[in-house]
Every structure is written in C-alpha cells, then in structure tokens.
Amino acid sequence: MTDVTDRPTALDLPMVDPLPADTQKYFDICQDRLGMVPNVLQAYAFDIDKLNAFTAMYNDIMLGPSGLSKLEREMIAVVVSSINKCFYCLTAHGAAVRALSGDPMLGEMLVMNWRVADLDTRQTAMLTFAENITIASAKTTEADRDALRQVGFSDRDIWDIASLVGFYNMTNRVASATDMRPNDGYHSQAR
Amino acid sequence: MTDVTDRPTALDLPMVDPLPADTQKYFDICQDRLGMVPNVLQAYAFDIDKLNAFTAMYNDIMLGPSGLSKLEREMIAVVVSSINKCFYCLTAHGAAVRALSGDPMLGEMLVMNWRVADLDTRQTAMLTFAENITIASAKTTEADRDALRQVGFSDRDIWDIASLVGFYNMTNRVASATDMRPNDGYHSQAR
Amino acid sequence: MTDVTDRPTALDLPMVDPLPADTQKYFDICQDRLGMVPNVLQAYAFDIDKLNAFTAMYNDIMLGPSGLSKLEREMIAVVVSSINKCFYCLTAHGAAVRALSGDPMLGEMLVMNWRVADLDTRQTAMLTFAENITIASAKTTEADRDALRQVGFSDRDIWDIASLVGFYNMTNRVASATDMRPNDGYHSQAR
Amino acid sequence: MTDVTDRPTALDLPMVDPLPADTQKYFDICQDRLGMVPNVLQAYAFDIDKLNAFTAMYNDIMLGPSGLSKLEREMIAVVVSSINKCFYCLTAHGAAVRALSGDPMLGEMLVMNWRVADLDTRQTAMLTFAENITIASAKTTEADRDALRQVGFSDRDIWDIASLVGFYNMTNRVASATDMRPNDGYHSQAR
Amino acid sequence: MTDVTDRPTALDLPMVDPLPADTQKYFDICQDRLGMVPNVLQAYAFDIDKLNAFTAMYNDIMLGPSGLSKLEREMIAVVVSSINKCFYCLTAHGAAVRALSGDPMLGEMLVMNWRVADLDTRQTAMLTFAENITIASAKTTEADRDALRQVGFSDRDIWDIASLVGFYNMTNRVASATDMRPNDGYHSQAR
Amino acid sequence: MTDVTDRPTALDLPMVDPLPADTQKYFDICQDRLGMVPNVLQAYAFDIDKLNAFTAMYNDIMLGPSGLSKLEREMIAVVVSSINKCFYCLTAHGAAVRALSGDPMLGEMLVMNWRVADLDTRQTAMLTFAENITIASAKTTEADRDALRQVGFSDRDIWDIASLVGFYNMTNRVASATDMRPNDGYHSQAR
C-alpha cells in the first residue's frame, strides 16, 4: 500500500483521488522499488497532466541514454542544489550520490562544497560548467563549451549537462517556493 | 514548407532526418500559425523523446488551464529571463508580451526593468515573487506565499507561478549554455 | 512647435517658463532633427545651468572628436545601461545603436546580453572593460588598460572609454532615481 | 607658481602646454586657495573642452545653490566613493568632510562605514538613498523618494541628491579606470 | 592509543613529536571520550602555543557558561559554516547538532538551508542575526541587537552570539584555506 | 591611571570591578606603552576568561614568531577589515600600518583600496589570498596555496596568513555586531 505523505508542500493541493490507474501503478512501483513514493511525485499529483509532464522529463534526463553516467547526473543535481540551497533536492539526490557511488563521503562533499571532493579532470570540468551555468549563465561563451570538449565530452554530452543544470535549477525553485519536503527515508539511506 | 534554421545552437546536433510524421506535422502547424518553427523546437529535434518531453511541459505550463492569464505567464517568462539575461527567451517572450498585451512598451519595460511598468497590485506581487524565487529561492518563507494569497492568488496559482519561474530558469540556462538563437522573425513582431 | 512631455520624471520640477532663447532654439533644433526633445533635456530644464552643464558634457563625450566611432560610444552606453537596468537609457541608446549600425538585432543583443553579439576583438575588449569598470572599478589594474592597448586603443581612447562608462553610470542613476521616462518615439525607431 | 603633478593618472596624456589663459588663471586660483591644483583638473587638462565640461558640472553640483549644505554634498561624495572603493575620491572628499565638519572622525567614519556615524534622521535617509542608488538604482520606487520627502527633502533636493550620487559614480569610475592619484596634500588635511 | 591522521591539512606541518605531556594527555582524553582526536587539534599541533590559544578560545565559547545552550551554539556553528560552505565545520558541527538534538534531520536542515527548520521565535532571531553578521556585518544597527533583546536575549547573550559567529567565520576560513579534513568518524555519527 | 572608556560597545557589559591584579597590570602596561587601553580589551573585560583567551590568540598571531613581518600582519588586518568595512579594526590597524611602515599613505591606501598600493610580488600575492579567503574561502584550491609558495611563502607562512585572515574576519564581526568603538587616539596617530 502506498505511503502517502500528508502534505508534501506548504500548498493545499490534495492529490487526485482516486488516482488514475496508470498513476496508481507507477506509484506502486515506486513504493515497491524505493520503499517510498517520492514526495515530489505526490506534490505534482494534484494534476495528472503536470505529473506526467514532469515524470517524462525527469525520466528522460535522469534515466535515458546519455554519455553521462547515472552517478554523474546525480552529481550535477547535488551541485546545482547546493548552490541554490534546496533542501528537498539535496536530501533526495545526496542520498542517490551516496548510493550510486558507494561513497557516503562523496555525497556529503557535494552537498557541502564540491571543490573538496577528489574528482578527475572530466568531472571537475563538468561541475565547473554546472556551477557557472547555475550562477551566471549569460556569461557562457564558446570557451566554456570547448573546456568540456577538451576533456572528452561530445556536443551531445554538453546538451545533456546543460539540460541537467537547467532541470535542477527548475526543481530547486519549485521545491523551495512551495516548501516541498523530502520523504524521511532519504536521510538515513546509504550512510 | 518548413523554414529550417541552419544551426539553432552552437552545438553540432542535427535534427533527426526525416522527422517522425507527428513531429513534422507539429512543425508544419507552427510554420503555418507562427510563420516559423521556433528554434528551441528545432534545437531539441536531434532527439524526439527530449523534444516531446519539452513540448509537453511547455504546453502544460503556457497553454494549460490556470488562474494566470496567458499574458501573465509571458510576463513571468520575460522577468525571469531579464534577470538571467537570456537572449533567446527575452526575444521570444518579449515579442509575446508585446503581442498579447497590445502594448509594445510593456514588453520593452519587462525586458529592461520590470519595476518601471505600471502594474496593479496583483501583478506586482506576482513579479516580486518571481524575482525573489529566481534570485534566492532558498530564502522563501510562508510570508512570501501569503503575500500572493493576500492579492487573490489561490494555492493552485502559487504552484503555477512557481512552475513558471522554475521553467524559465531552466530554459534560460539551456539556451545560454548552448548559445541558442531566436528566429529572426521575433524582433520585428508587434512593435 | 516643441512637443513637451507633461512630466518627464516622478519629480515635480517644471521647466523654466519661458525658456531662455538659446535653450528654446536648442530644443527647436532637437524637435526638428530628432522629431522630439529628448525627455532628459526637458527634465534638466527646470534649471538652465544644470541643463547646460549636462549638455556640454554629453556633447563632448558623444559628439566630440574621439578614436571611438559614434556607434561604439552608443554601444558602451547600452552595455553600461543593461548592467544597471536603466529603462530610459536602454530605450534611447538602444534606438541609437539600431539606427547607427543599421542592425536592429545588434541593438537588441546589447540591451539583453552583449556577449551574444558577434563582435570583433577590439569591441569585445572595449565592452569587457566597460563591464568591469561598471561592476567593480576598484579592481582595475594596469593589466586591464594593457588589454585595451593590445587591441589598438590609445591612451586617449582609454580615457574616452572610461569617461563614457562613467557618464552612463551617472545618467543611469539619475534616470532611475527620478523615474525618468523616455519619449515614446524611441521604441519604434529603426526596428 | 602652479605645482604640476608629473602624471596624475596611468595614462600618457600630457596637459596642453601652454594652458589657455583662462585655464591658467583657474589653476592659479586653485593653487592660491587650496595650496594645490587638484590632480583631477590636471588629468582633464589634456583637452580643454573636457576640462571645462567637467568643471562646469562639478561647480554646479558642489557649489551651486541647493537645499543640501556643502558638507552634505561632500558626505554623499564620500559614501558613494566608499562603496566603489575609489582611492582618489575618498582621499579628496574625505579631507573635505573633515574640514567642513570640523570633525575628523566623521570623515573617517564615512570613509570606513557610514553606518557607524551618529547622524540625524535627515542625513540617514539621504545616505541610505545614496547607497541604494549606487548599488541597485533600478530597484528605486516611489517609496524611496517618499522616504526622502518625509524627512523634509523637496523634489528639487531629491534631484540634487540623485545628481550627486550619479556624479560620484561617474568620477569614481573615471578615477579608478585611469589610476588617478590624489595630491599628497589631502592626506594630512584637517586631521 | 591516539589515532593520528596522516596529514590533516594540505600543508606540510607535522605535529610536534613527541607532544608535550599536557597535550598528549588532552589528546588521550579526546580519543577516549570522542573516539578520535579532532583533526583541527592535530592540525594546530605543529605549534603548541597556537594549539593552546585555539583550544582556550574554543572551550570558552563552546563549553563555558552562557545563556545559550550547547545545542544553540552548535546551531550557530552550522549555519555560519553553511553560508561559508566549510566542509570541515559542517561535518563536525553537523554531527554535533544531530547528537545534541537527537534529531538527525535538524542537523541536515541546518547544513542545507536553515530556513526550512521548524524553529521557535528565539532561535529564528538568533540564526537571522548569525546570518546577517556573517554576510554583511557592517550593516548591523541597534535595531538588529534590539531584535535579539525582544525575544529574550540579554546583552551578555548578544555578546556570545557575536563571538560564536565571529569564531566560526574564523575557523571556516582557516579550514578552507588549508584544506583541513574532518575525521571520517563524524559522517556516520547520530544518523 | 587607566583611561577607562565609558562604554566601549553598544552592549551593557561593565568591566569586572576591581580587575584581577594580572589584568590590571596588563592594562597599566598598555596605558604606559600605547597611551591607551585599547577598547577591545575593555570590551572583553566583563569576563576575564574571555579576555585572556582573546589576548592569548591575539598575541600569538600578531606578536609571535612568524615568517611574516609585523607590518605584513597589520596589512592583512587592514585589507580584511576593509572588505568587511569594520570601523574599529580599520581605525586601530590602519594606525598600526601607518606607524610601522612610516608611510601614512600606505595606511590610507589599504583602508580605501589595497590595489592602488605599490606592492611587491610577495605582498600582492599575500593580499590577493587574504581577499579571496575573506570573500569566498570555499573556492580555495591547491592552486591558491601554490601561488603563495611560488613567491617564497613556506607552508608555515601559509598557515599564518590563513590564521590572520581568519582572526580578523572574527574580530570584524564581533566589533561590528556590538558597535565597538576605537579609542579616539588612533585617528591622529602617525599621520
């Protein structure tokens, strides 16, 4: 049975009840595999069109084919969220970095200050770009893209990095603007 | 016949060729109604899954049911893009504000400095929230949401405002990170 | 007959009435050549000494002999005003860039984000210096001046660039502090 | 005899030689009354038109009729220059505040951190406005002007404050961009 | 036996060897009670005078008599360190907040974004002051101190808050400047 | 006889009365040698343990053995305090730079904008590091430490620079948070 959070945000927007069969099935799979239905999904479930648009983009960006590993995508999520100080995203994606890397300290480092992590040239370039695009995207020039190409990223990879950075700059703002709360379960995961 | 931009971004990511029938039909409709296929769509068309995820979210946010008028949504798009100095989005959505409002100067004001526009209490609150969430989302508190409620926005409207602000903080970064260029046609629209 | 704006700023400072003959003649020439008396002149006309001091400096900086072309001076005006988000100056000098360059998109680019414009090395160096001096003048070192010399600017040109940047940092603040409004005519010029 | 500074800025722009009679007379008066020809005048004297435009504006703003006392104008000069960290202007106008107020510590406070000075409501409002216009002029609204009106400033005074803030935001940038150096004499004045 | 970290910072500054008897005894007590000798102590132990000065101030501020509870002092440590993004201090004092509060999520919230924590009026005022003093101490006015007095803090408490904020602004910079690394043990404490 | 300042801060925290013999003796020595008991000591003297902890650290950092000269330590004190705009520390340590260097203008330059001072490579690197650590310590990388090593600083010197920068970031905040006032005597020293 699905573990429903009473109110995943500060807004009074109850989930559609009952959920459409497809949505209920998706939530059941989440519950089964993750042990929870992530609150972001519960938050969007007041409007199934919005939920579907969000999950389609999330699944494409985080789970679709890419030259970036799943860990690298989660690393970008955490570094962007650290700059924006988004409690929801740091909690959920910090847990994912800990789990995917098998290195709990890496997760903590990316949450607190990514520059202390012992990263290779490729990941340093990737996170430097992510930081710059988050803070001052208008200052991007061809030199910034070339810095990524020089450590082996393809133009397709650059698109993916830009999309990830953009996506978490979106979710950080939606989560903080609505006071979205992460499921309690994340905190103790993969410590 | 579709007017194809040679390279809508600085990345070498050619469109799928030929486009799937559904996509071609969608582009033909754009060409027909707008006189152009917006370059953002051409940019995403190297990967149809990404294009579809983007257009689904865009259509929901900008065209779906909402307590915010279409003009108000475009106003948020421009104000967010002005803070982030996104050339693509300022050009495309600045044109939309000019067209929807029938007030070319309003479009210019929102591009240049929204505080000079003569807005009512509701729109001032909306754009103040949009500015705050763009610049420092982590500082949001219940008082910020209450400021919106006090001028008549519902919790559902607040979700929509947050989503719009988030969405353009995403697209601004994707556009600037890839040097996405707006179609020339926008510049002279609704002057 | 001169087209007098009712109140060019938010301050209640009516023009001297009647204007001295020299001032009236100057305004008539403006009306004749530009189709308007720029509101900044009307704003200063509550005190003829102030008006004369302003126009003397303006004319020297914008129209006097210099190694910088008139277009380049307007480009600096727009880039400085974009950083300071000055509605008056972006409107008036954005129109001037469009007119002098014959390239409406260049005007838009400089208003929105100068880094997207396709500039040569000289103009890139000039606008980089203008941006730096606007944002953090105290960090200027000899290396910054040498960067200008290396692309061909003389010491006299450097003075002129510094003066232009300084001048628009002044006018931006006077205009925004008083809510000065540009003449409507600028918006549609040279689109 | 005029005490000529070897090179008042980092730029190689020698004074017109000989100076026109009017300029020489003006410099002689400075030497006589101030014991120096301020380096800013020597710096501008490579071009007499520029010098005259600068001195006309300076004299109007600093010495012309105004609801602001000369000390208050110098206070604004120092506070603006402290934000911009302009060595020339802090030195010259810090000395002026010490001299005009007969309170050397007031000069130091305004150079270092104006909030520690024991100011009345009027001057606090004036310097708050000066700080805001210097840092973020585009955020000015009618409420900011009303805050000045409420402590007794007229609309004409508001213009003067805006002009002073603008003027020193100009000179700070010209001075720092050219590495202009203050005359040694200022340092020990009115301690 | 003491667990000695190979090199607690990026600097080549080995501990005095052998340690003076008093220092060795102090380290043994740490090992015994905490299960570790905090790396900050090992880092300072290249110079016993510096170590003693640091521990004397630390012990006074964190363990001495105060109107602030030990948890409140640790909360300030974490909030200051979050602003400065200090990996060492966030790790060590984040663990202390988790342990002292018995609320692991509170520790995470203060590390990530203190505004999401559910704090009472007193603690909100305390952390608001800590944030303001960390970011822009020169803007402090009597109103800021009064805001603390109004929620029940004495002048002595205000001194203590200021000292704590100051102290962690010191240690954050020493730790980040030298790449000081926290003992591994902190990460899993009190989860 | 000791010259006691009525209230060295805005807090009502009277000195222990009578002072312990050791403290009284220390204050007498200050009065004798400096002509004053620095207000910071009087401010801390409401609690002798805090006073002793502060003076122990101060004496170690400012007077203990180091590869940095006493002037260089004072230069760091002033540059850090200039960034933080701390009136107390700029006044006291600005006087120290003037006195130790025999160059009153150097003291003024460091208070106003250290980049205008004519410094050698070593001191420029030292103050650049001090500025960076003050503004954004979390961005420090090995390259920053290497820049110091390359101009001749040892790892021990780097520790000392970091400690000095940290210490004045502490005292600036304590002083500004409590409105600590410097003794009047500093202002006219070594002019």
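Labels A, B, C, D, E and F are assigned to the chains in the order they are written; within every chain, residues are numbered from 1.
Quick note on the criterion: a contact is a pair of C-beta atoms (placed from the backbone, for glycine too) under 8 Å apart; a residue touches a chain by one contact, two chains touch by 3 or more.
The structure displayed is predicted, hence computed values, not measured ones.
Q: Considering only chains that satisfy the touch condition with subunit B, which of them also satisfy it with subunit D?
A: Per touch definition, common to subunit B and subunit D: C, E.
Q: How many degrees of rotation map subunit A onto its copy subunit B on CA atoms, rounded to the nearest 5?
A: C-alpha superposition angle, subunit A on subunit B: 180 degrees.
Q: Of the other chains, whose C-alpha centre is the longest way from the centre of subunit C?
A: The most remote chain is E.
Q: Is the contact between subunit D and subunit F built from the same residue numbers on each copy (over half shared) or from different ones (under half shared)?
A: Copies use mostly the same positions to touch.
Q: Measuring from the mean C-alpha position of subunit C to the mean C-alpha position of subunit D, what distance in angstrom results?
A: 22
Q: Quick one: report the Å distance separating subunit B from subunit E, using the average Cα coordinate of each chain.
A: Chain centroid spacing, subunit B to subunit E, equals 44 Å.
Q: Where in subunit B do residues touch two or more other chains at once?
A: 85-87, 113, 138, 140, 176, 179
Q: So, with touch as defined above, which chain pairs make the list?
A: So the chains that touch one another pair up as A-B, A-C, A-E, A-F, B-C, B-D, B-E, C-D, C-F, D-E, D-F, E-F.
Q: Would you tell me which residues of subunit A are touching subunit C in their complex?
A: 138-141
Q: Quick check on the complex: what are the subunit A residues that touch subunit E?
A: Touch residues, subunit A against subunit E: 82, 85-87, 90-91, 104-105, 108-109, 111-113, 116, 176, 179, 181, 184, 187-188, 191.
Q: So in the complex, which bits of subunit C are touching subunit A?
A: The contact residues of subunit C facing subunit A are 113, 115.
Q: Going by the contact rule set out above, which residues of subunit C touch subunit D in the complex?
A: 10-13, 46, 49-50, 52-54, 56-57, 60, 64, 84-87, 129, 133-134, 137-138, 140, 142, 144-145, 155-156, 158-159, 161-163, 165-167, 169-174, 176-179
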